[in-house]
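Just dropping this structure here.
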Amino acid sequence: MNNKTKKILHSSEFYVGVIIILFGLLIQMRSGQFFTGNNLVDILRSFTIPVMFCMGELMVLISGGVDCSFPAIASLSMFVVCKYMENVTTNPLPFFLVAALIGLVFGILNGVIIGKYRFPALIVTLGTSSICWGVMQGVFQSREYPLCPALLSVGKAKLLTATNAETGLSSELPMITIFMVLLLTWFILNKTMLGRGIYAIGGDIIAAKRAGFNVFGTTVFIYAFSGMMAGIIGVFRACMLQAVHPNNLEGLEMTAIAACVLGGVSITGGKGTVLQACLGMALLTIVSNSLILLGISTHWQNVVTGIIIIAGTAATAIQNQRNAKKLAVKLTES
Amino acid sequence: MNKILNKDKNLTRILAVFLVCFVLFSITQGSSFLSVSSFQSMGKLFPEFGLLSIGMALALLTGGIDLSVVYTANFCSIMAALTIKALTPEGDAGVGAILAGILVALIVGIICGSLNGLLISAVGIPAMLATLGTQSLYNGFGVVASKGSSVTGSKPLSAFISQRVAGIPMATILFVICAAVMIFIISKTTLGYKIKMMGTNMKESAFSGFNNIKLTVLNYMMIGILSAIAGIIMLGRYSSAKADNGSSYTMQAIMIAVMGGIDPAGGKGNIQGVCVAVVIIQMVSTWLSMYQSISDFYKQIIWGALLLIVLLLNYYINKREVAKAAKK
Amino acid sequence: MSDYIIRAKGIKKYFGGVKALDGVDLEIKKGEVHCLAGENGCGKSTIINVISGFYTPDGGELEIDGVSYSKMTPQQSIAAGIQVIYQDLSVFPNLTVMENLALNMELASGKKFVSKKRFREIAEEAVAKINFEIDLDEKVENLSVADKQLIAISRALLNNAKLIIMDEPTTAITKKEVRALFHVIRDLQKQNIAILFVSHKLDEVFEIAERFTIFRNGKNTGAGDASELTQEKFTYYMTSREIKETPFIYEEKPGAKKVLEVKNLNLKNGFKNVNLSLGEGEILGITGLLGSGRTELVQALFGYHKADSGEIYIRGNKVEINTVKDGIKNGIGYVPPERIVEGVFLPQSIKENISIEKWDEWAGPLGIMNEKKIETVVNEWVEKLHIKLHDINDPMNTLSGGNQQKCVLAKWLILDLNVLILNGPTVGVDIGAKFDIYELVKKLAAGGLSVIIISDDIPEILSNCNRVVVMRRGEIVKEGLTKDMDEASLAEFAVAD
C-alpha cells in the first residue's frame, strides 16, 4: 500500500464517508426509500442552511475559537430586513446586502473583543448572542411575519424547480448558493495567505504573530465573515421557508459545532477542512431526517443526535488518550 | 476588617456592586422595591437559576463547562412529575408520592452528572463537546419521557415549594441550604481544594496522587444534584414539567458564574461570589420589571452586555493587580 | 561598512519601575559565534527583543551593520538581516514542513494568495542551505525537536540572514543532536553569518563560541574571548557569587538495609530487565539519552506507569506500586522535569502547593482543611529551605524558577520519604539556584534520605551523585561509582550502538 492510500484510509473523511454510506444502505434496506429522489431532495433541503452556517463555524474552529452567536445574528438580520425593507424596494439584492451588513457589525463586535482580549470565545459569543436575541425580540418585537413579495419570488424560483423535477437534484438556487459558499470558504482557507493565517493562528498563536501574520486583523475577519454569512443565510432561509420565522434557528449553533467536530475538525484549533464539515453535517442531517423512514418516533431525534455527537467525539478522544499514554522507548530485541 | 476585605477582593467588589444596586433600586422604586412581597417574589424566582449557576461555577472551576445543566434539570423534573403521577392515579398526591418523585429526580440528576463526568475524564472528551452531546441527549430523553408535551399533576409539590416558612419562600430555603453546603465543600474541605487544584493543572494533579477521574465525576455529580433540585423547584413553580423549560438559563448561568468571580480558565474563584451575583441579577431583573415600558426581552440584552462588561472589568482589574505585584 | 553586525551601546529598557536593561553593551562581529549568558531575568530576552525590533529601547545606541537606528520595527530588523530562533522554535505543528518554511517569506513579500509551486521552490531553497533532508509534505507535529530546530534555522536563512539569534537551542535536544547542530553552526559561520548563542552551559560555550557577553540584573558583568573563560569566572559573572561545589561523599554504613530494590522490572515500550538498588543516604544518578527509558523507569517506580512484571522492595518489604497514590504511600516522591506543566499549580497559592500531600492526613471531620496546621508547617519549611517570598498566600507564579523548585521539594519533604526522585531538577533554573538545590539535596542525603537524580548533564551527575547508571534502549548498560568514571566514557555508553 503506498503512502497516499494509507493516508486516505486513516483520514476522518474516509470514516465519516463510509458511515454515511452504510447508514444510507441500512435505511434503504429497512424502508426501501432512502435512494428515492424525494428523500434525497428532502435531505438536501434540510442540509442547505446548516451546512452554510457550518462554513463560518469551520473557520472559527480552525482558528481555535468557537462561535455560538450566528443563529441569533442570522435571525436578527433576517427579521429586520424582512420587516422594514418590504416597502423600500422590490429588488431582492438590497435585502441580502443590508442583512450582510447587520451580520457584519455583530461579527466585528465578536472579533474585536475576542481578538483584543483573548477571552474564551464561547463565553463572548454567548453574550453577543443574548444581545442579538434581546434586540430582535425587545426592540423590534419580532414575531412570525409574512415574507415580502420581493423575496417570495427568490424562494419561489427555486421551489418550482424543486417540486417540478421531483426526482432530480435540479433545485438550482440552493444548489448554486451552497456551491458558492463552500467554494468561497474553501478558496479563502486554502488559496489565500489569509486562510493560511487562520490555520497558523489555530496552530500556534504566538508563532503566528512572530511570523508576521496580523493576528488581530485575522481574528476580526474570521468572526466578521461568520457574522456576515449568518446575515445572508438568514434571509436566504426566509426565502426557502417562504415566511419569516424569527425563533426557530435557536440551537443551530450546537448542531453546526457538532457537525464540524464529527467530520474531523479539531475543537482545539488548527485542523479542519470544508469537506470534513460537509460530511459531518451530512451525517447529522441524514440521521435526523431518516428516523421516520426507520419507523422511529421523531421524539427520539435529540436522543439520537446526542448519541452520535458523544460517540463521534469519544472515538477521537479515546484515540488521543491512547496516543498520549503510549510509551515509545525502542527496546533492544531479545 | 481591612485584612478581611483584602483577603477576598473579588467578594468585596461584588458586595459593593450589590450595595450600589440595592441603594439605586431603593431610591428609584422606593416602596414597591423594598416591600415584603417584592422580596418574596424575588425569593421564589432566583433559586432555580441560582442553583444552575452554582452548578455552572463548579464546572468552570475544573476548567470545564456544563452546557447540559438546564436539560438535566428538565429531565429530572419530568421524571419526578411522571413518578408522582404514576403513584397517584387519582391525582391527589400524598407525601409519599412527592418524596418518591424528589428521590427519582435526585437519582436521575446523579446519573446524568456522573455520565458527564465520565465522558469528560474517563473518555477524555473536551467538556464543551461532551456536555453539548449530553445536552441533546438529556433534552431528547425529556422529550421521549414526556412524549413531547408537558407533564402536569404535581399540585401538592407546587404547594410544598410555594409555601412560606416564617415568610420565607420554600424555594429560597432550599437554595440557601444548597448554597451553604457548596460553599462549605469548595472553601473548607479537601475535596473542594482538590477540585480547584485539578482545575488549574490536570497533569500535576495526577502527579500529586489525585484521582482525576474520581474528582471530575464527583464534581459533575454535584452539578447533577444541583440541577435536579433546580428541576424540582421549577416543577413546583410551573406545576408542570417540560423538556425545554428555561432554555435561556444556560447562558445566564455562565454569566452569573463569571460575574461571581469564577475564572473560566479554571481553578480560581469561590461560590460565595456566585451567590451574591445570583441575588444581584434577580434584583436587577425585578427592578426592570417594575418599569412597564421595558419588555422582558430587554433583559437578554442587559445580560449579554453585562457578561461582556464583567469580562472586561475582570481583565483590567487583573492587569492592574499583576502590575502592582510586579512593582513589589 | 562596519566589522560589526551589531553594536549596541548603553541600551536601556524600563517596564514600569523595573529596569530590565540598565545600559548594557553588546557587540557582535560579522561571522562570529557569540555567546550571551546570564541568569533568568538578567535581560537576555529583553535585549533580543530590542535587537529584533519588538521593543523600542528607552535609551542607548543601536547600530546594525554600520547603520544606526533610534527606533526600529521588526520588519526593519529582518530587512537588516537579523533572525531570531526562539526557544519554542515558533513552528506551526499543524502545517507541513513546506508551509512552515515558506509562509514567513511569502508574508514578508506581501503575497495575498497561495501558490503551492512557489511554496515548494522556497522550501527547497531553504533546506538546501544546510543540506537538510526532509519530506516537505510531512506535518511538523510528526517531527523530532531537532528536526523542528533545523526547520527554524533553514527558515531563518531564507531572509539573507547576517545574524541568527538562537535562544537556548540545546535544552530540548540530545547530545548527539547538539553535535549535529554545532556542525550546522560552523557551516553557517563559513558563509559569514554571525550567531548569537544564548546558553548556560559552559562546555558548549567553550566548544562553539569565540566571544562571550554576560549580563546580570540588566547590566554587563563580563565580556571577552571564550577561551579565557573558566567555570569559576563564568559563574561569578553570572551570579556575582563565588560558588565552589563540594563533591558528594558517601560512606556506606555496614549492615544498612537497602532502601529501594528493584528486581527484573519490565514495561513494554518503556524498559526491560531493570535491576537497581539504593542504599540509605545514597544519591544515584541516572543518565541516558531522551528516549532511553530513564523517565519511564522512574515514573514506574513512582506509580505513574504500572510495570508489567518485576518486583519492587522498599526497606526489604515487597510492595505493589500501581498508582501514584501507591508510590506516595510507600514514601516515593517525584519531581517532574517540566515544572511549569507538570510540577506546580502556578496560579494557586504557595501554601497550597507545598501542603497538598498532607491535606487528607491533617483534615478534620467531613474533610475540613486544617488551615492552622497547614500554615505552621508551610512556614517551617519555607524557613528551612530558605525560600524567598512575600507571603505564603501569594500565587506560585510570583516566585522565581529556583524558588518554585524549592517549593516542589518542600512539598515532598513534608512527607517522610524513603526515596526522592528528581527528574531534571535544574532545567530552567539559574546557576545560583541550581547550586543551592544541589547543596540542599546533598544535605538531605547526608541526613539519610535516598535520592535518584535523572539528568542529561553528565558533569552535574558526576559531581553530585555517588553512583551512576547509564540507560540505553530501556536497559541499564553501565553502572558504577562516580569516582571511577569520567564524562567522556559515560557519554559514550549513552550513545554507543
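For clarity, chains are labelled A, B and C in written order, and residue numbers in each chain start from 1.
The criterion applied here is as follows: contacts are C-beta pairs under 8 Å (C-beta built on N, C-alpha and C of every residue); 3 or more make two chains touch, one makes a residue touch a chain.
Predicted, not measured: the structure shown is a model, and the values here were computed from it.
Participant: Hopping along touching chains only, can you work out the least number of steps from chain A to chain C?
Facilitator: Steps on the shortest route: 1.
Participant: Please find the two chains that have the most C-beta pairs touching each other.
Facilitator: A-B
Participant: Indicate the whole-number Å distance between the mean C-alpha point of chain B and the mean C-alpha point of chain C.
Facilitator: 44
Participant: Quick one: report the Å distance separating chain A from chain B, using the average Cα coordinate of each chain.
Facilitator: 30
Participant: Please output the residues of chain C touching chain B within their complex, sorted ascending.
Facilitator: Going through chain C, the ones touching chain B are 15-18, 304, 323-325, 327-328, 334, 336, 341-348, 352, 356-357, 359-360, 363, 366-369, 390, 394, 398.
Participant: Within the complex, which stretch of chain C touches chain A?
Facilitator: Within the complex, chain C contacts chain A at residues 74-75, 84, 86, 88, 90-95, 99, 103-104, 106-108, 111-114, 267-272, 291-293, 296, 305, 473-475.
Participant: Which positions of chain A touch chain B when the two form their complex?
Facilitator: 66, 113, 117, 119-120, 122-124, 126-135, 137-139, 141, 250, 254, 257-258, 261, 267-268, 297, 299-307, 309-310, 313-314, 317-318, 320-321
Participant: Which chain B residues qualify as touching chain A in the complex?
Facilitator: By the definition above, chain B touches chain A via 65, 67, 119, 123-126, 128-130, 132-141, 143-144, 147-148, 247-248, 250-251, 254-255, 258, 264-265, 295-305, 307-308, 311-312, 315.
Participant: Under the definition above, what is the set of chain B residues touching chain C in their complex?
Facilitator: 188-191, 193-194, 196-197, 200-201, 203-209, 211, 267-268, 323, 325-328
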